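Residue numbering begins at 1 within each chain, and the chains themselves are lettered A, B and C in the order written.
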Amino acid sequence: MASAAVSHRTAEAPQTADPLVSVEGLSVDFATPRGTIHALRDISLEVPKGKVLGLVGESGCGKSTLAYSMIGLLAENARVAGGAIRMGGQDLAHLKPKAWRDLRGTRIAMIFQDPMTSLNPVTTIGKQMIDIQYREPISRSEKRARAIEFLEQVQLPDAAAKLDVYPHQLSGGMRQRVCIAMALLTRPDLLIADEPTTALDATLELQIVTLLRELQETFGCSVLFVSHHLGTVAELCDEVAVMYAGEVVERGHVREVFHAPRHPYTQALFDCDPARIRQATRQLPTIPGTLPDLRQPPAGCAFRARCSKAFGRCAAEHPPLHAAGPGQVARCHLNDPAEDVA
Amino acid sequence: MTDATQSPLPEPGLLARSLSVLSGNRTGVIGFVLVALIVGSAILAPWIVPYDPTAIMTGPRMAPPSAEHWLGTDNIGRDIFSRVIAGGRIAMLVAAASLTAALSAGLLLGLIAGLGPRWLDNLLLLVFDALRSFPTIVFGLAVVTIIGPSLFTVMLVVAITSVPIYARIVRTQTLALKNAEFILAERAMGVGLPRLLFVHVLPNVLGPLLILASMDVPLVIATEAGLSFLGMGVRPPTPSWGVILNDGYNFIRNSPWPVIGGSIPIILVTLGFTFMGEALRDIFDPKLRKAG
Amino acid sequence: MSLLEVTDLRIRYARQGRLKAALRRESHDFEAVCGVSFTLEPGQTLGLVGESGSGKSTIARTLIGLKKSSGGSIRFDGAEISQASGRDWARLRREMSMMWQDPVGSLSPRLTVKSLVTEPLRINGLPAGRTEAERLLGLVGLPAEFATRYPHQLSGGQARRVGVARALALDPKLLIADEPTAGLDMSVQGEVLNLLAEVQARSGVAIVIITHNLNLVRHVTDQMAIMYLGRFVEQGPTEQVFAHPRHPYTKALLAANPEPDPEARHERVALSGEVPSPVNRPSGCDFHPRCPWAREACAAKEPGWTEESGRGHRCLFPL
């Protein structure tokens, strides 16, 4: 990737003293019969120790792909084309399956986007929750008790009785809470949560978010929180990374990014949030245009075609991550100090 | 209204996907080629055998491989290569007939267990487990003592012992599908039962089943060979692989060639169908993850 | 005449472990929805929000005839449908349709988009060819080239559009949308909702939207109903409910909606206590164990439905 060298020089990420995981210039390709999809390109970010990093961006921009690469569950046709994911001296991007089995379920756990895919439809909730504790040297009844305890933590009513039911007998939000409880059971260092609260009502969402916060404060675990719900991100996260078409386009502390977005895509995304529109309206704002073809990512800025502020330089030159404020970086030429002079 | 959603690549059909999976998978190609050769030679056996497989004294007895007899001859001078090819026809016939029977019965019983009432499901599961708890050979011996040894006996034994395996798979898949949202969606549109079964449920059950069946072919053939070897399947002089092996073992001190000739096809069949099954799995299930 | 008139609707589910329940002399089923009433006019949108597990999807499944009700009445277009026979449903299913929560999972995986969008036509013996498919895809702004794709080749937003096209294929009078925008980003969510609004303006379809997204409810619904433990606790014109919630649960729910602003200091309503389950209802008011405003009377007396000037609530001491 041409921009890799540049971005490392200019990027001034919100540096934490000691990140738990740092993704360094990660690129992931998908091989398809119609060509190679460059789904992630030169991703650099850090999940700070004991903090929550939010990940937002358009459907299909690669959030789940990034999440999967951090837990070693990339699709069969995926290939790490470059970069590394460092965690405690290991490079997760190039780990052997055996090493992954030891990490998964102990140090790293994931809550998947679709609860139905991670729950087995033909076994009871209880059996699944007991099986996942196979590493624990405790008796079956203790495992059962722990399962109930965690189901209560995620506010599932009648938790003990729920151990005997099958996934389809639960409501959508209940399934999602079961998944959350299962991920928490393993007490991971890094919890990857891919849209964990989409099926929950607002009060529950708030409780789960509070629970995640508490958990993260008591056990010092780090959370990567993928979400489309900007309100929840604002509420829960310490830092946020905004992705567009396989790249991180903006990164920084939540406060700065939400108050002063420095990338036009971030701005446009925020403008689409109906929560920001005070006056009730039937016609909601959208971002016109389409995502670029990820087989041939555009030479210049990826967002150029949909950007209202695009100018000559955007077509010609791929923007590096410019420092855009205290601890904030944005992949947009408008943040280049040289532009102000011009 | 503009289409602002991202547009994934139009994906090609099954054929193109098969080719692309195979292009990166050497064992898969080997599997398909082997299977094609085996099936082809089985179909064309009567025309391609150099000698009549039952004709005796086509050359010297117990001869090692030579230009005239590629795999040598047996104790009464029959051409082993011709017998192996002809035996392949029998093996394939047994595999095709018994697996088709087992697949159809397994599909039907599995669907009934998966979609029917709870008590029927439990009853069928009990029957499946009971059937499966006999070792195939023991079960075969029992059947043979009742109806006598023949090609049909072999097919019956193989079919009956594989039904529970297929039925269980179909049942699990059906149970998982029964509450899938797209099935509910179809029912909400008022789809009729035949269409629901044949268009929406079956195609999603069939893929894994066919893969399993392809991997089971060597097992079936080994069972046929095993029963015939024990004298409980195909009767001599019909050239089944088990019969060839049996004949060979009696004279193994004099010549190893009949045994070697009879084992080669079994090894090739096992490799071929196993590799093909693995490749099929990659083709049918594009959503596989590189999980450890 | 209202298009849909639901009165005192009750729906039960079987409990797991009937034997155990029988031994303890407990009932072998429980009421997931108990006594829900509402009406819906043509061209109107009703938002159904509330606690997770409160029975919203269950109501949807009953309206569309996948689950039998155990009491109450559902009148659709003037006719009672809660006891409708299989033949009646064949006709009814042309007039109501559903959008499912999982955009990709609700599309039959081995069918092409063309077959998927024309499926309702085919089921009803209507012509279901290329022209129909293209008309329907055009309706939701998808190019005709999508006709040959399979569900797993669609992005979430595109799969949603296929779902909308299929739901509109027969020009229904009633559309039920269960979480129509879950998992979509803000921009695609806007597109889907704009599409629904456009169709509604053109055809006058009545819509029931089930969702957890309060921002969405505020913008696209006329009426909203808030559910808790199988009952409506409040109902009324959306604007009024947002401006002045009467039921404490509504207030807690609306206050929990996070603002996309990290600085915002929220005036939250703390809900404490255990979440009750429909198997084991509390005495008196369902909400009193968690209600910050609960008084003694709340534990003893079950509040009835109070209706005043177009709004209703179920609270002894409304805010």
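We adopt the following convention: a residue touches a chain if its C-beta (ideal position, glycine included) is under 8 Å from a C-beta of that chain, and two chains touch if they have at least 3 such contacts.
Just so you know, these numbers come straight off a predicted model, no measurement behind them.
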Touch-based graph of the chains, sorted into line, ring, star, complete or other: complete
Most remote chain, CA-based centroid, reference being chain B: C
Whole-Å gap separating chain A and chain B, where each centre is the average of the chain's CA atoms: 45
Geometric centre distance via CA averages, chain C-chain A, whole Å: 29
Distance between chain centroids, defined by C-alpha means - chain B, chain C (Å): 49
Where chain B touches two or more other chains, by residue: 2-11, 180-181, 286-287
Residues of chain A whose C-beta touches two or more other chains: 58-60, 116, 286-287
Shared-contact residues (touching 2 or more other chains) in chain C: 101-102, 105, 155-157, 187-188, 191, 194
For the chain A and chain C complex, residues of the former touching the latter: 56-60, 113-114, 116, 155-158, 161, 164-166, 169-174, 177, 195, 198-207, 209, 228-235, 254-255, 258-259, 268-270, 272-277, 280-287
Contact footprint of chain B on chain A as seen in their complex: 32-35, 37, 58-61, 68, 72-78, 97-98, 100-101, 104, 116, 121-122, 168, 286-291, 293, 295
Contact footprint of chain A on chain C as seen in their complex: 13, 16-17, 49-53, 57, 101-102, 105, 155-157, 179, 182-191, 193-194, 197, 212, 214-216, 218-220, 238-239, 252-254, 256-264, 268, 271, 274-277, 279-280
Chain C residues touching chain B - in the complex, by the definition given at the top: 61, 64-66, 89-90, 93, 97-98, 100-102, 105-111, 119-120, 123-124, 141-143, 145, 148-150, 152-158, 161, 166, 187-188, 191, 194-195, 198
Chain B to chain C touching residues, read off their complex: 1-11, 180-182, 184-192, 195, 199-200, 203-204, 286-287
